[in-house]
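Here come two complexes built around subunit A, the first alongside subunit B, the second alongside subunit C.
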Partner chain A sequence: MSRDLAFLLPELTLMITVALMLVAEMVRRAGLTLLIGLAGLALAVWFTLPVLDAGTTVFGGTYRIDLLSGWAKLILLPATALSMLLARAELSGRVREGSVYSLIMLVTIGALMLAGSGDTMLLVLGIVVTGLGSFALVAYPGDDAATEASMKYLVFGSVTGAVMIYGLSFWFAGSGSTLFSALSGMQTKPLLAAAGLIAVLVGLGYKAALVPFHFWAPEAYEGAPVSVAAYMSVVTKIAAIFALAQLLRDLPIQTGWAWAIAAIAVLTMTYGYLAALVQTNLVRLLAYSSVAQAGYFLLGFVALGRGDIALLSIIVFAAAYVAMNIGAFSVVLLAGRDIDAIRGLGRRAPMLGVAMVIFLLSLAGIPPLFGFFGKFLLFGAALKAGFLWLAVIAILNSVLSLAVYLRIIVAMYRAPEGDEAAPRASPVAALVWGTSLAATLGLGIFTRLFFS
Partner chain B sequence: MSLLSLAVLAPVVAALILLLVKRGAAILALLGAGTGLLASLGLLRGAFLGNAPQRLMLPGLPDMPLRLEASALTSVLSVLVATVATFVLIYAVGYMRKDPEKTRFFATMLLFVAAMQALVLSADWITLLAAWELIGVSSYLLIGFWYAKPGVASAATRAFLYTRSADLGLYLGVFLLIGASGTSEISATLATTGTAAMIGGLLLLVAAIGKSAQVPMQDWLQRAMAGPTPVSALLHSATLVAAGAILLIRVAPMLPPETLFIIGLVGGLTTVVTGLIALGERDLKRLLASSTSSQYGLMFLAIGAGAPVVALLHLIAHAAIKSGLFLGAGVFQHERGSTAFERLAGSGREHKRIFAGFVLAALALAGIPPLSGFFSKDAIIAATMNATGAGWLATLAIAGTVLTGGYMGRAMAQLWQGKVEEAKPSGSLVWMGWGMAVLVTLAAVLGAGFPALERLLGAEIDTTLAAEALGLGAALTGLALGWFLPADRLLGPLLPWAREGFAVGGGMDNLVMRPALAVARAMNAVETVLYEAVFVFGRLNLRVGRGTRISDEAGIDGFIFGLADTMVRTGQKARRLQSGLIHRELALTIVTTGVIAAALFAAPLFY
Partner chain C sequence: MIPIVSLAVFLPLIGAVILLFLPGTSKAVSHGIGIGFSALTFVLTLVMWSRGVVPGGFSQVEEVSWIEAIGAAYRVGVDGLSLPLVLLTSLLFLLSFVYQAKSSDRARSFVILMLMLETASIGTFVALDALLFYVFFEVSLVSMYFMIAGWGEKDRQRAALMFFLYTLLGSLPLLLAILGMFLASDPYTFDMRIWIETQPLTGIGGMLALIAMLFTFAVKIPAFPVHTWLPAAHVQAPTVGSVILAGVMLKFGTYGLVRFSLQMLPDAFASAGMVVLVFGVISAIYGAFVALAQSDLKRLIAYTSVNHMGYVVIGVAVAAMAVDPAMRAVALDGATLQMVSHGLVTGALFFLVGMLKDRAHTREMSHFGGLLKITPVLGWSFIFFAFASLGLPGLAHFPAEFQIFLATLNISPWAVVSILAIVVTAGLYLRAIGLVFLGEPGKEWLKMPDLDGREVLVLIPLVALTIAVGIVPGIVLDTIHTTTTSLGF
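Then we have the complex of A and B:
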């Protein structure tokens, strides 16, 4: 037991942190809540480093301390910190500001549960924990749009959650266990395996906003504060994707899941970018772009079980995605949500403009930015698994994606109509996009670090 | 610090300092470019001395580090880029003297030079891809430099999107080659054979067609002339456009005969088609742009004929010649405020020295001995005569040579004939003159250095008397035709079509861009229709329920009109009634899930 707890030090740290944050919130000290949260995150990252590649499980195999969950912490915790800072820049001084930080922290704990889950029950728990916090976060502004969006998110979540739990019972019936590791026996029971797989795809597909389970995402991102949208587009999405990877690693490939994943990948990428192409609201545009980006993650999935390259490509792209997506959202936060608001931004705020261009080009997968290296590895993984057609479609989509992102870039360097105000100056937000920029620019060349 | 990193980093560092201090733009730019040139020359010296190639490695991906390497070929290219860049920048000091945004201009130019150095020196495909994209982005910024002018921003976007869509070929080709050979090192992937080599080569050809403005993607280059003249001189003679040819020259050892022949055909067609377009042009810079496509067509011909070194020689000669010509055109433009021939008529007699330089470069391009173009062009004709499919390739090469003479003759005639305007003294002319003088001198005498280069690159080129005679005859014929005959006489019924740029099916806009946008709009429409359909359906049910009452009240006509009204109104309300949408979206989710489920349940039947 004490051995297990030692491995869980990062998670325990975060739980204590949340408790402290709630206390700070009770005395209405929002700044203090934020500070406690950031300190807790830093401490948790520190505790993660020694157990990064322990390759073990705790609590009877239900929770995994492995490469995937280790990197999930190293990626998601800094992402959480950046999101909190972004929320500070956006919501400072608003009523119940501190609750946002506590909720974000709570959702992150759920996200870590998802990313490390080795058991279907923990998977369901992770979905519920991330869900509850997220509904509240989306509804935070309290206006009609936010309430509606949150409501929709909740209904969608309830339905998909119910389907998932129902479907998972088939797996339990087939393997006699809730552990993922027992799934290898499902090879002889293809129908039961497929029933459970569909359920999992529905449940996690909803959380990761994969097509056709994405409908809630643009609404929710638009209704929520921009910082919350940035957070959800990154942390809960990556957590769900990692959870799916944890699960599919153990599911025999003979059940045909690779083809289902490939089909969803194609749908997600193509639909996401096509829908993004006609958006005029930048938050919605980035929402659809996040949908499409989730499709790229799935490229790595088809190579699961063929060595570490699949997991590592997913991990590297997750890191890249965090940096560039949070960066792009933070620029939108400063500049305004409408594509007209960003018009002329490149001249009113040159540094911010250049940063945005780099985030967008990285999202489009242009070398030598970080996003390219992630996508390159994912393409390589798909090729290695023999899914040439999938890689080709992904590359075609990258061309399409450039059209999406170029629309923003072109608008940014147009002459502004009339005199728009300069973007809000915010040192906290500058810290966020500055950090994201450094990671997007610099980490690509050092991709090998992820492999050591 | 090694010479290799200095060649790439000197321009970058200069650009960064420039962006920080925001003054002394010209001096910093010249320092950066000059240092880069010295480093490149050092690399070339090392290659001549037979030293082992310098290498540089960065971690990058596991088993696929990022590499730069200065081999004989790459150091020659590096010197070429650095030389043209330096003298174009010297010229730009004069040209941009009065521009308020000098800092941005020189910084972007330096970034472009650095990216181009990285491209020519790259020894692995990932570095090459990165550099390829960087030159794409920086050229976008440079073409769009005067973004406030009408049409400039769209020209820049067009250039970017055209070359970008062709880049798809590069990505696919590179992935294919890496997949086939298991390494990202360029020299190692060249051992690829068979189908992979053929298809990989064709994919790379697509990328090269885009960047080097070959048929059918020649259109963007003329529009890219919207940028400042030094940009045209640097990007569209020696660097950006050269990237395509350089790519093919580097992979030439891998290419099987079928691919080579297709490359030759593309080049041959381009040299003729864009040569004709150039003859019909009414604008000096656009004429030079078309001629660039046409000359790169000749290089593709040489590559297709299996003589990449000949293509390289022509690339070098053309770089010096064409940048010299552009700089000359820039002087005339600077004085007359336009590049249209009707405004430029007679300006050659105002600036006799500049015009003399222009003529020297023009004759070199046409291939008159002993200027550099003569040697490279004859080598191309000789190579095509010995190649497989010589009947096709050699004919196209000679036609291209005649056309080269033709449009250069016409350009000179237009500049010389016409009335002289009052020349005004201009201080800018000194810098511009010097930059141009060096490049034109190089254009004239470079031919003498070719034998040494051939030895360095390990390819002896033997030309025949027949090729020399044919080439010279073709060049002189073309020059005479171009000088004495007006364009409509030369082109006849082809003239209007040539002025349209031989647009087929409305050009690339109609073939690529519009369909892509139409698909996107259709997707949006589908989404909107789905939104609305649900409501219309719901209301319809209600209506039908109350239908009897309505038909009692207003008769069947009223029912139909009422229904139509309701549809319109519900359509408008659709976006506000969110609660119903969840049903619709969940239904859609469930339908799709059902499809996936069906597929999965069917899967075991196939295993």
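Then we have the complex of A and C:
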């Protein structure tokens, strides 16, 4: 037991942190809440480093301490810190500001559970914990739009969650265990395997906003504060994708799940970008863009079980996606949500403009930015698994994505009409986009760090 | 030892970064940094030239390990194919900075973009790692997009968007081909030297990779029928954008055609050689005829690029099909020299059209007439480069095209029909000269000033090199020949 707890040091740190944060929030010290949160995150990252390549499980195989869950911590915890800082820039001085930080921390704990889950029960628990926190976060502004968005999110989440639990019971019936590692026995029971797979795709597809379970995402992102949208588009999405990877690693390839994943990948990428092409609200545009980006993750999935490249490509792209997506959202936070608000931004605030160009080009996968190296590895994984057609479709979608992102860039460098306000000046937000920019520019060159 | 090649690649980028962190710089300082850094880079490439190349493989190689697990590294070096192109690139960039020095339109941003583009262009030619090559290849696209979108003419946004989408769609198949080569190599590596040596992909995989590469490079060259982005981009691009696009970036396509398609997949290319040859012949003839139909001088020159690059494609295709190594060397010598000649001559022609447009604010040939009397230096320079472009003996294109036709006649005689295109080119240039420079000058042009000292300074090196390459092609050809005779397949 003490061995297990030693491996859980990062998670335990975060739980103590969130308790302290709630205390600080009770005395209405929002700044202190934020500081405790950031300190806790830093400490948890520190505790993660020694167990990064432990490659073991705790609590009888239900929770995995492996490469995927280790990198999930190293990626999601900094992402959480950046989101909290972004929330500070956006919501500073609002009532119950500290609750936002505490809720974000709580959702992150759920996200880590998802990314490390080795058992269907833990998976369900992770979905519920992330879900409960997220509903409250979306509803935080308290206006009609936020309430409606949160309600839709909640109803959608409850239904998909119920479907998933129902479907998982088929797997339990087939394998006699809730452990993922017992799924290898499903090879002889294709119908039961398929029923469970569909249910899992519904549940985790909803969380990761994969097409066709993405409908809530643009609504929820639009209703929520921009910083919360940035957080959800990154942390809960990546957690769900990592959970799906944990699960599919153990599902026998003969059940044909790779084809289902490939089909969803095509739908997600194509629909996401097509829908993004016609948006005029930048938050909605980035919402559809992050739907499409989730499709790229799935390219790595088809190669799961065929060597290290699959997991590595997913991890590298996750890190890249965090940097560039949080960066893009933070620019939207400063410049305004409408595409007309960003008009002339490149001339009014040159550095911010250049930063946004780099985030968008990285999202489109242009080298030598971080997003390119992630996508490059994902294409390589798909090719290695023999899915040439999938890589070709992904590449065509990359061209489509460029059209999506260039729309913003073109608007940014059009002559301003005169009455646009200068973007908000916020040192905290500048710290966020500056960090994201450094990561987007630099980590591509230091991709070797992920190959340790 | 000083890493000269890496310095030549990254010196312009260093200049760009310095400029980026000097906000509020005056235009004089911006242009000064541009000219200074590109001049230093030119000196470095001259040092590279003086070090020369060795037969068989690459010289002046510099390597830094990057991701050992997948065999990706920073690797640069040159051979007889890339070294002349590197020198051409650094020269054209230096001249472009000199030409641009009078411009005041957001000078700092423009110089930053140009310096980025110079790093990407030189990097593309010297990269010996496929991943690195692709990175430079794509960065050049981004810089050129912003150059057209920011400094182009009236319809620039649409042209820039079309350019970017078209060429990105074009370059992504190369990424797949690179991944295919990578997955076929054992142990995994992105080292282009090993790919050239071991040719990891064969059979159907090799053919698929070749098709992907041919698509990428055909868009870039551009060859018929994927050339349609070129006139639009050229007409809307600023003058130096056109010079770099035609003089340097089109060569990425033909360089890639030799370096990747021919050297890494010689067997697949040999069997598909006839198809490539047919497209080369169509490009050469079609480009010439469409150029004949143009009334806009810049569009006309853009289409002659399709024609000239068509000859390069013919040369490479013939080299792929050649059985006799001596004949293959002749074809490749001609193709590579043609790349250099085209860079010199078409670069100069785009400069001249830009100088004319700066004065007259139009490029419609029918609006002009008799300019030779009013602006003799501009007029004679144009006539000189027009004759060079149509392949007059004694000027740069002649030795190149002569060798291409010689090899073609030897290997695939029917393809010599493309020589007809030279007649068409001659006709279209004579018509252009007649319309613009001969006859009676129109009244509105009487006050037009002739070229000033800075503009003449831009043209002098190009005139000198065009004559030198025409009369003593050996100054470039010896370097090229060292490599083409030792390709080893």
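The rule we apply is simple: the second predicted complex is superposed on the first by the 452 of 452 C-alpha atoms of A that agree within 3 Å, B and C clash if a C-alpha of one lies under 4 Å from a C-alpha of the other, contacts with A are read in each partner's own complex, and residues count from 1 in each chain.
What we mean here is this: a contact is a pair of C-beta atoms (placed from the backbone, for glycine too) under 8 Å apart; a residue touches a chain by one contact, two chains touch by 3 or more.
No experiment lies behind these values; they were computed from the predicted model shown.
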Subunit A as common anchor, with subunit B and subunit C clashing or fitting: clash
Contacts for A:368 in the overlay, against subunit B (first) and subunit C (second): which applies, first, second, both or neither? both
Should A:391 be classified as contacting the first partner (subunit B), the second (subunit C), both, or neither? both
When the two structures are overlaid on chain A, which partner does A:38 contact: first (subunit B), second (subunit C), both, or neither? neither
Determine, for the superposed model, which of the two partners subunit B and subunit C contacts more residues of subunit A. B
Quick one: is A:413 in contact with subunit B, with subunit C, with both, or with neither? Answer first, second, both or neither. both
Partner chain in contact with A:274 - subunit B first, subunit C second, else both or neither: first
Applying the touch criterion given at the start, work out whether A:54 contacts subunit B, subunit C, both or neither, answering first, second, both or neither. neither
Counting only touches as set out at the top, which of subunit B and subunit C does A:198 meet: first, second, both, neither? first
Contact-wise, after the overlay, does A:402 reach subunit B, subunit C, both or neither (first, second, both, neither)? both
Is A:215 touching anything from subunit B or subunit C once the two structures are fitted on A? First, second, both or neither. first
Common interface residues of subunit A - those touching subunit B in one complex and subunit C in the other: 361, 366-368, 372, 376, 379-380, 383, 391-392, 395-396, 398-399, 402-403, 406, 410, 413, 447-448, 451
Using the touch definition from the top, list the residues of subunit A that touch subunit C in their complex. 350, 361, 366-368, 372, 376, 379-380, 383-384, 388, 391-392, 395-396, 398-399, 402-403, 406, 410, 413, 447-448, 451
Can you check the complex and tell me which residues of subunit B touch subunit A? 58-62, 66, 126-127, 129-130, 133-134, 137, 144, 147-148, 153, 157, 160-161, 164-165, 167-168, 171-172, 175, 178-179, 516-517, 519-521, 523-524, 527, 578-579, 581-582, 585-586, 588-589, 592-593, 596-597, 599-601, 603-604, 606-607
Please give the residue numbers of subunit A that touch subunit B in the complex, ascending. 148, 151-152, 155-156, 159-160, 163, 190-191, 194, 197-198, 201-202, 211-213, 215-216, 219, 254-257, 259-260, 263-264, 267, 271, 274-275, 277-278, 361, 366-368, 372-373, 376-377, 379-380, 383, 391-392, 395-396, 398-400, 402-403, 406, 410, 413-415, 445-449, 451
Touching residues on subunit C, where the partner in the complex is subunit A: 23, 66-70, 131, 134-135, 138-139, 141-142, 149-150, 157, 161, 164-165, 168-169, 172-173, 175-176, 179-180, 182-183
